[in-house]
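Next, two complexes with chain A in common: one pairs it with chain B, the other with chain C.
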Partner chain A sequence: MRQDIFLAGSGLTRFGEWWEKSLRDLMSEAATAALRSSGMSPLEIDLVVVANMLAETANDQAGLGALASSLFPHRPPALRVEAACGSGSLALHTACAFLESGRAKTVLVLGAEKMTDAPANAVAEALMGAADGELDAPSGITFPGIFGLIGQRYMHEYDLTREQLSVVSAVHHRNAMDNPFAHFRQELSPEAVSASPLVSDPLRLFDCSPVSDGAAACILSTARRSPLRIAASQVASDTLSITERPTIVSFPATREAMSRALLEAGIERSDIRAVETHDCFSIAAVINVEDLGFAREGEGIRLYEEAYAGHPSLFVNMSGGLKACGHPVAATGLKQLIDAGKHLERASIRYGLAHNFGGAGAACGIHILENIEA
Partner chain B sequence: MNNCAPIIRRSLKREREKFLPGVVLSFTKLMHPPERFGRRPRIVGLIELENGRRVLGALLSDAFIGQSVRPRMRLSHVTAEGLRVYETAYEAAGKAVAPQAFPGYILALTGPSGVGKSTISRMLARAFSEYAASVPILTTREQKPGDEGEYVYTAREEFERLQRTGAIVAATRIPSSSEDRRYGYRAADIEAIWSAGKLPVVVTELHLLEDLARHYGRRAILSFGLLPPGRTKRAKLSQLLHRLRARGRDSEEHIRDRLKNAERDLAFFRERKDLFDHIVVNEDLSSMLDYMRKKVSGLSGA
Partner chain C sequence: MRQDIFLAGSGLTRFGEWWEKSLRDLMSEAATAALRSSGMSPLEIDLVVVANMLAETANDQAGLGALASSLFPHRPPALRVEAACGSGSLALHTACAFLESGRAKTVLVLGAEKMTDAPANAVAEALMGAADGELDAPSGITFPGIFGLIGQRYMHEYDLTREQLSVVSAVHHRNAMDNPFAHFRQELSPEAVSASPLVSDPLRLFDCSPVSDGAAACILSTARRSPLRIAASQVASDTLSITERPTIVSFPATREAMSRALLEAGIERSDIRAVETHDCFSIAAVINVEDLGFAREGEGIRLYEEAYAGHPSLFVNMSGGLKACGHPVAATGLKQLIDAGKHLERASIRYGLAHNFGGAGAACGIHILENIEA
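Right after this comes the complex of A and B.
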C-alpha cells in the first residue's frame, strides 16, 4: 500500500428479510452506524463508493452513487461499483485506489442489497447475470446449478462425501450463534444439512447461502488512524463462464489475488490466523481454503472437520459466513472485512483476511487487515 | 430479456456450434430450473466437445462423469410471444437408442373446467364410435353423483404403487381446499384401445398432457386446446363460472377451486403453446365439433 489506510469506522444492518425497509433505508442505517463508530463528522467524507448488484432489477433503481450522496448534507462525490457478489471487495479496492492516489482522505464504502423486493424466481434469474449470458444461461443453468456442477466434479476428483460436506454449514451456523447481525442464529446439525431438500445435485438447501436484505459500511481513511490497518488490497479476474476454464474445482482468481496480497502486505501465509471467506455454497468454502493456500488440494474439508470437532487450526468464518449471516450480494464483501476486524480485536490477533468473489470466482477481492495493537 | 428476438436468433447460431459429440465432465440436476424451462427438474451437464471446447447443455437422461454423449437439437421452449427457442441437448451415446416405435395416435382435449370438454368428447365418441374410445381416468377422489363412468376409482396407496411400477404413464395432483386428489392414465388402458384398432381419446389437463407427450412422444398426440369465449381473462373466467353453475354438478366451494385451477390453466396455455396442435374457442358447439371432426377424420382416414 502506498499510504497507510485505516478502517476508521464500520457499520452493519442485521442481515435478514426486512420487509419494511427500502434500499435507501438500509444504506442510511449502515452509513449512520459507521459514522457513529468512527466518531467522525459526515462532512469529513470526501467520497462515497457504493457496491450493489441488483438495484435495477429488484428495486427499479439506478443512480446509486447520487442516492448515497444524498444521505450527506454536503453531497460528496459518489460512484458505484458492480462485480456481482464480489462488488463489496471491489468497492473497497476502488476506495483504496482513491486514498493511495491522494484524491481523497476519507472514503465511505457502502454495500447494500435489497433482495426481497422481487419474487424469488426473478432474483434467481437476476443473479444469473453473474454468469455468462451467452455461454451459460441458455442451458437453463442457475447459480446453485453452477456450484452443483462444481460440487459434483469436486466430489468425483477428491472423493469428498455428502456427509463430510454437510459439516461446512454446521460449522457456519454454530459460529453465527453469537453474531447479533446474522440472518440465522440457530444451530444446524450436519444430518439436517444432508436431509434438506435437493436444490441442484449434489447441493441441498442448507448448502446454499440465503437471499437476504442488508447493508454494510466501512470508513477508510488516511487521515484518521485506528487500530485496524488495511495491509493489502488486491483484486483478480477470471473468465465469466466456467466453460472457458481448464478446471472447475479451483478458482485461479483467488490464488492470484492471494499471492499478490501476501506480497503487498509483506507477510507469510502463516501469519494470517483469521479468515472470512466467500462460502456462497458449502463447496465454495472447501475450495476457497485450498485456493487461499491453507489446505492442500482436495483436503479443504479437513479445516472444517477440525473446527467442528472443536480444535480449529485456523479461524474460518467466525462470523457464520455467508451461509448463516446471510448474503445480501454486494454488502457481503464489506461485512467480511468488518467481521474479520472484529475477530482480530476480540482475539488479539494481528492479521486477518477477507476473501470475497463474484460469480463462480470470476472477480475476486482479497483484503488483509492488520491489528496494529496486537 | 432473454426472450428478445435478436437474442434468440443469435443463440441459435451458438446452439448449432455446440452440435458435436462429447464427454460429460460434470452434471447437476436442477430441481427448480428457470420458469421458462417448465417445472420439471432439468439435468444440465458441463461437456467437453470433441473439438476441445467446453459447453453447458441439457442432458436428456441421467448421466455420469466420463459418459460419452451425442447432440440432439430440440425445442427448448416457446416464449410468451410465441417464438420457438431451440437448443442443443445431449443424450447418452453409449447405448444405441432405437428409433422410438410410433405407437399410434392419441386424441387429447385439454381445457379448463367448464369449457365443455366432456360434452365434446361424448359427441366425438358418438360420431366416431367405430374409431374412438375414451381412456378412463384413474383417480383417488371419491365418486360423485354426476360422474359418468369416465373415472376408475382407486386408493391413494394403490395409485402410488402403480406410479412406482410405471403402470401409470401420466399423473397429476390437483390440490383443492378439501382434499389432495391424484389423477392419471394407465398405459394398459391406452394400449388396449390401440390393440382394438381404435383412437384413444383423453379429456385431460396440462400436466397429464405433458406426461403423455413425454411418454409417447409429442407427435403421437393430436392435441386440441379448448378455450372459453371472451377476449380477456376475466371474460373467459366469467364464462366458465356461468357454465359450472349452470350444470349444477359441483358445490359452490368446488366451483371456487375449479375456477382457481382454471386461472392457472389459462396462463399455462399461453406458456405451453407447443403442446397444442389446434386451439379452439368453444363459442358454438356444433361448428366447433365440425372443425374437430374434420381434423380427426384426416387422421383416422374416416
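Right after this comes the complex of A and C.
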C-alpha cells in the first residue's frame, strides 16, 4: 500500500430475509453501526463508495451513491461500484485508491442488497447478469447451473466424491453458530447436505449460498484508529463466460490477484492464517483454496475435512462463509473483510485475507488485513 | 490536481439507434477509436473504468467491468461506476483517483448504453431509478414529469416564456449540424420546438433529449501525450428526490462541484470560455448556466438567446448538447469531456468545462480541461 489505510470501523446488519426493511433502511443500519464502532462523527466522512449489484432489477433504484450520501447531514460525494458479486471488494479497492490519491482521508464503503423484494425467478435472472448475456444466457443456464458444470468437471478431474463435498457446507454451518449476523445458525450434517434436493447435479440445495438481504459497512481511514491495517488491495479480471476459459476448475483471476496481493503486502502466503473466501457454492470453496495457493490442485477439500475433524491447518470462513452467513451479493465482499478482521483480533493472529469474486471468477478482489497488535 | 493527468486519446460511436449493434460492439468501437487516437498499445491500459446505468434493466447484463476488460488481450483490472446519468463524470473522477494514487498510469474510461434494446416504457421506468424509489416513484411521475415541474416553477419565478425556452433546443440543433457523432444533425426552429407535442407541460417533445445508443471512451494518462490536461475533477451529491430540496429551480450539487473545481484548477470562472453542460431537458440547460455562475438567477436564457442571435458571450454546448447529440446516459459525461476538448483545440481556447449530472442533479461531476498549447 502506498499509504497506510486502517479499518477504522465496521457495521453489519444480520443477513436474512428482511421483509419489513427497505434497501435504505439496511444501508442506514450498517452505516450507523460502522460510525458507532469507529467513534467518529458522520461529518468526518469525505466520500461514500456504495457496492451494489441488484438495486435496478430488484428495487427499481439506481443512483445509490446519492441515496447513501443523503444519510449524512453534509451529503458527501458518493458513487456506486458494481462488479456483480465482487462489488464489495471492488468498492473497497476503489476506496483505497481515493485514500491513496489524497482526495479523501476517511471513506465509508457501504455494500447492500435487498434481494427479497423481487420474486425468486427474477432474482435468478438478474444474477445471470454476472454471466455473459451473449455467450451464456441464451443457453437458459442459471448460476447454480454454471457451478454445477464446474462441479461435474472438477469431480471428473480429481475424483472428489459427493460425500466429501458435503463436508464444506457442514463446516460453514458449524462456524456460523456463534455468529449473530449469520443468516443460518443451525448445525447441518454432511448427510443432510447429501440428502438435500438436487439443484444442478452434483450441487444440492445445501451446496448453494442463499438469497439474502443485508448490508455491511467499512470505514477506511488514513489515520491509525484501529489495529487493523489493510496490507494489500488487489483486483483482477477474467472473461464473463466460462466458455472462453482454458479450464473451468480454476479461476485465474484469483491466482493473479493473490500473487499481486502477496507482493504488495510483502509477506509469504504462509504468513496468512485466516481466510474468508467466496463460497457462493461449495465447489467454489474447494477451488478457491487451491487458487489461493493454500492447497494443491485437487486437494482443496482436505482443508475442510481437517476443519470438520477439529484440527484445521488454516482458519477458513470462520464466520460461516456465504453458505451460512447468507449472500446479499454486493455486501459480501465487505462482510468478508469485517469477519477476517474480527477473527484476527479474537485469535490474535497477524495476517488474514478476504477473497471475493463476481460471476464465475470474472472479477476478483483480494484484501490482506494486518493486525498490527498481534 | 495532485498529479498531471492528460486526455491522451478519445473515441466515440455516433449516438443514435443502433439496432444492429450490441452493447459490447459499441464499447469495442469506442475503445478502439480511443486507442487509435492515442497511438498507444492496448497493453498500456492498466485499468478500465466503465460507466453505465441501464445494462441490467435494458440488456440483462451486469459485470461490465469484466466485459470491457475482455476486449483486451491482457484483461486489465476493471470496474463499473454508476451514478445514473452522471455515471460518465463519476467514472472519470474515479479514474483520476486511481491515477493520482499511483496504482495506474493509463486508464481507459468507457461509457456505454444500449437503450433501444428495451421498449420505451421499460426505459422510462428504468430511468426513474435515478429518482427516489420511495419518495418520487410511487406518485407515478416520470423524468420528463420531474423536469416539467421544475419548468413550471422556473417560469413562475422568473417569467421565462415558452417562446424563449424554445431557443435552447434550436441552438443545440444548429450546433450539432457539423458534429458527425450527433444523433440529430438537422436544424430545428424555435417555432418547431414550441409546436412539438406536449410531453409534460411546459416541456414539449423537442425540449427533451432523446433515448440513444452510444459509447464514448477517454484514455487518461499521467504522461503528457496531448495538450489537454485535466485541471480539476470534482463531484458532489444531493438528495435523489426533489421533494427534499429547498428549491427546485437550482441544483446545489452543481454549485458545490463548481466552486471546488475552480479552487482545484486555481482559475477564475471568467477564464472558462467553453462549456458542455447537461441539457437533459431545455429547462436544465437554462438552470445549469446559472448554477455554474455564468448567468444570474433567472437570466440563463440570455446565453442561448445571444448564441441564437450569433454573438455568444460563452461557447455553450458547441457539440449540440444532449438534445441534438443524443443521450446514451452513462456515455454522456465522457462525450462532454471529449467535445469540450475538441472545441478547445479547434478554437485555441485555454480552459473548458464539462458539467454532467445524474437524476435531477443528485450526483454532479465537473471537469475543467486545460489546453496547455493555447
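In this section, the second predicted complex is superposed on the first by the 373 of 374 C-alpha atoms of A that agree within 3 Å, B and C clash if a C-alpha of one lies under 4 Å from a C-alpha of the other, contacts with A are read in each partner's own complex, and residues count from 1 in each chain.
Rule of thumb we're sticking to: contacts are C-beta pairs under 8 Å (C-beta built on N, C-alpha and C of every residue); 3 or more make two chains touch, one makes a residue touch a chain.
The model shown is predicted, which means the values in this text are computed figures rather than measured ones.
S.K.: Check chain A with both chain B and chain C modelled on it and let me know: fit or clash.
M.R.: With chain A aligned, chain B clears chain C, so fit.
S.K.: Given the superposition on chain A, which partner contacts more residues in chain A: chain B or chain C?
M.R.: Larger number of chain A residues touched: C.
S.K.: Between chain B (first) and chain C (second), which does A:295 come into contact with in this model arrangement: first, second, both, or neither?
M.R.: neither
S.K.: Just chain B (first), just chain C (second), both, or neither: which does A:121 touch?
M.R.: After superposing on A, A:121 lies in contact with chain B but is clear of chain C.
S.K.: Quick one: classify A:110 as touching chain B (first), chain C (second), both or neither.
M.R.: A:110: touches no partner chain.
S.K.: Just checking: does A:243 make contact with chain B only, chain C only, both, or neither of them? Give me first, second, both or neither.
M.R.: first
S.K.: Identify the partner contact of A:262: answer first if only chain B is touched, second if only chain C is, both if each is, neither if none is.
M.R.: neither
S.K.: In the overlaid three-chain picture, which partner chain does A:134 touch, first (chain B) or second (chain C), both, or neither?
M.R.: Once the two structures are laid over each other on A, A:134 reaches both partners.
S.K.: Using the superposition on chain A described above, determine whether A:150 touches chain B (first), chain C (second), both, or neither.
M.R.: first
S.K.: Output check: A:201 vs chain B and chain C. Expected answer is one of first, second, both, neither. What do you get?
M.R.: The answer is first: A:201 touches chain B but not chain C.
S.K.: In the superposed arrangement, which partner chain does A:218 touch: chain B (first), chain C (second), both, or neither?
M.R.: After superposition on chain A, A:218 lies in contact with neither partner.
S.K.: Looking at the superposed set of three chains, what is the minimum CA distance between chain B and chain C in Å?
M.R.: Closest C-alpha pair between chain B and chain C: 6 Å.
S.K.: Residues of chain A that sit at the chain B interface in one complex and at the chain C interface in the other, please.
M.R.: 125, 128, 133-134, 137, 244
S.K.: If we count contacts the way the header does, which residues on chain A are in touch with chain B in the complex?
M.R.: Answer in residue numbers: 121, 124-125, 128, 133-142, 144-145, 148-153, 156, 197-203, 242-244, 248.
S.K.: Quick check on the complex: what are the chain C residues that touch chain A?
M.R.: It is residues 2-3, 22, 24, 53-57, 59-67, 69-70, 75-84, 90, 93-94, 96-103, 125-126, 128-130, 132-134, 137, 235-240, 244, 358-359, 362-363 of chain C that touch chain A.
S.K.: Can you name the residues of chain B that touch chain A in the complex?
M.R.: Spelled out, the residues of chain B in touch with chain A are 2, 10-11, 14-15, 25-35, 37, 42, 44-46, 53-58, 65, 76, 87.
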